[in-house]
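Below is one structure, written out as structure tokens, with a few remarks after it.
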């Protein structure tokens, strides 16, 4: 069940902030996928949180936390 | 659905703390937009969290986390 | 609606930790103001969270996160 | 209402980790005091969260966040 | 009850980001195991949070926080 | 009531990551002990959160935050 990849390309390094943000989103989703491996169940739950104000905010909090790590790994793309 | 831009101008660098704060707010909103792409649904949910004390606090928590990253990226605007 | 100032004095630098803490509080409140621009509505919600134990704790969490950024920006006021 | 002191001694520097932890607790409490200035109301709410498992955990989360800042300010008391 | 190992291999260093992510997940789970040592009870609770949208998001938040530490410990795998 | 020790050994430095993790757990528990000094009440609440999926996740979040500080204090045990 845990044999899914958790870090795409096995790297935190991206070319741009935009790609870093996409990586943060993907990493957050892969934890959900690992915890709930049933795709149909995930789709159902996705509809739940996409329509709930508090859950949308909480999704944002998780992505923000993942992105902090990705951004630090890329030295904030300052000297790339 | 995910083809929206997640990092405006594809950069974390801003001229001032004020602009950095605005970027943090935009980045937080763009995650909500990506997760709930229906504009009418987002408007409805926005009314929900704007009128709920706990959700307003949670919005503040998410922006604070995004801003921590933006501020670090700009070396806290100390030597700009 | 978003034309309010989000970072007073457009700076994270303060003379003292006490002023830095006050800035953290103000920044947290300005996000709430931006999200809920109606002053009467904010007053009502303020009464809600000032009388709810969990919300008071959550306010503290948000201020703590903002303060972490302000304190780092000021190098923790160690050599000012 | 906000004329209370938010950072005791106006400093994040302490002699020991134990004193730093006490400072983190005090700073968290002072935000609650600022948000709810009525002492009788605070006592009532304190009884609420001291008897609620989720709120106790949330208190711990807030103190942990404050302590992270205090500990960084003191360079983790490594070379004091 | 607390004699379980909390940090596998007693090290935060891993060869790759993928292994670091797996370590973050394991460390998060071991805290749950320590807090609820009954395996049957944990299985029951696991089913609860795997089917609850808000809890799935919260699991992601916890893993993100653990991963921030593991990633920093490995200098973000930049020069490995 | 607050005369309990909040940081065992008055130090964040440990020999190993495992001991650092145990310190993070203890520090989190001592905040709960300070906030709810009645041992019988704490035992009752402990049973509550050990049997509640969301609370278990929240315990993990708090420990993760404490551990981030302990790990940084020990330079992630890289050169000990």
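Brief remarks on what is shown
The letters A, B, C, D, E and F name the chains in turn, as written, and every chain counts its residues from 1.
Going forward, a contact is a pair of C-beta atoms (placed from the backbone, for glycine too) under 8 Å apart; a residue touches a chain by one contact, two chains touch by 3 or more.
Remember, predicted model here, so these are calculated numbers, not experimental data.
Path length between chain C and chain E in the chain contact graph, taken as the least number of steps between touching chains: 3.
With centres set at the average Cα position, the gap from chain D to chain F is 16 Å. Computed centre separation for the pair chain D/chain E is 27 angstrom, with centres defined by C-alpha atoms. Residue positions of chain F with contacts to 2 or more other chains are 49, 52, 54, 58-59, 61, 65, 68, 72.
Traversing the ring of touching chains from chain A and stepping first to chain E, the chains occur in the order A, E, F, D, C, B. If you check the complex, the residues on chain C that touch chain B are 2, 5-7, 10-13, 27-28, 31-32, 34-36, 41, 45-46, 48-49, 52, 54-55, 58-59, 61-62, 65-66, 68-69, 72-73. By the touch criterion given at the top, residues 16-18, 20-22, 25, 49-54, 56-61, 63-65, 67-68, 71-72, 76-78 of chain D touch chain F in their complex.
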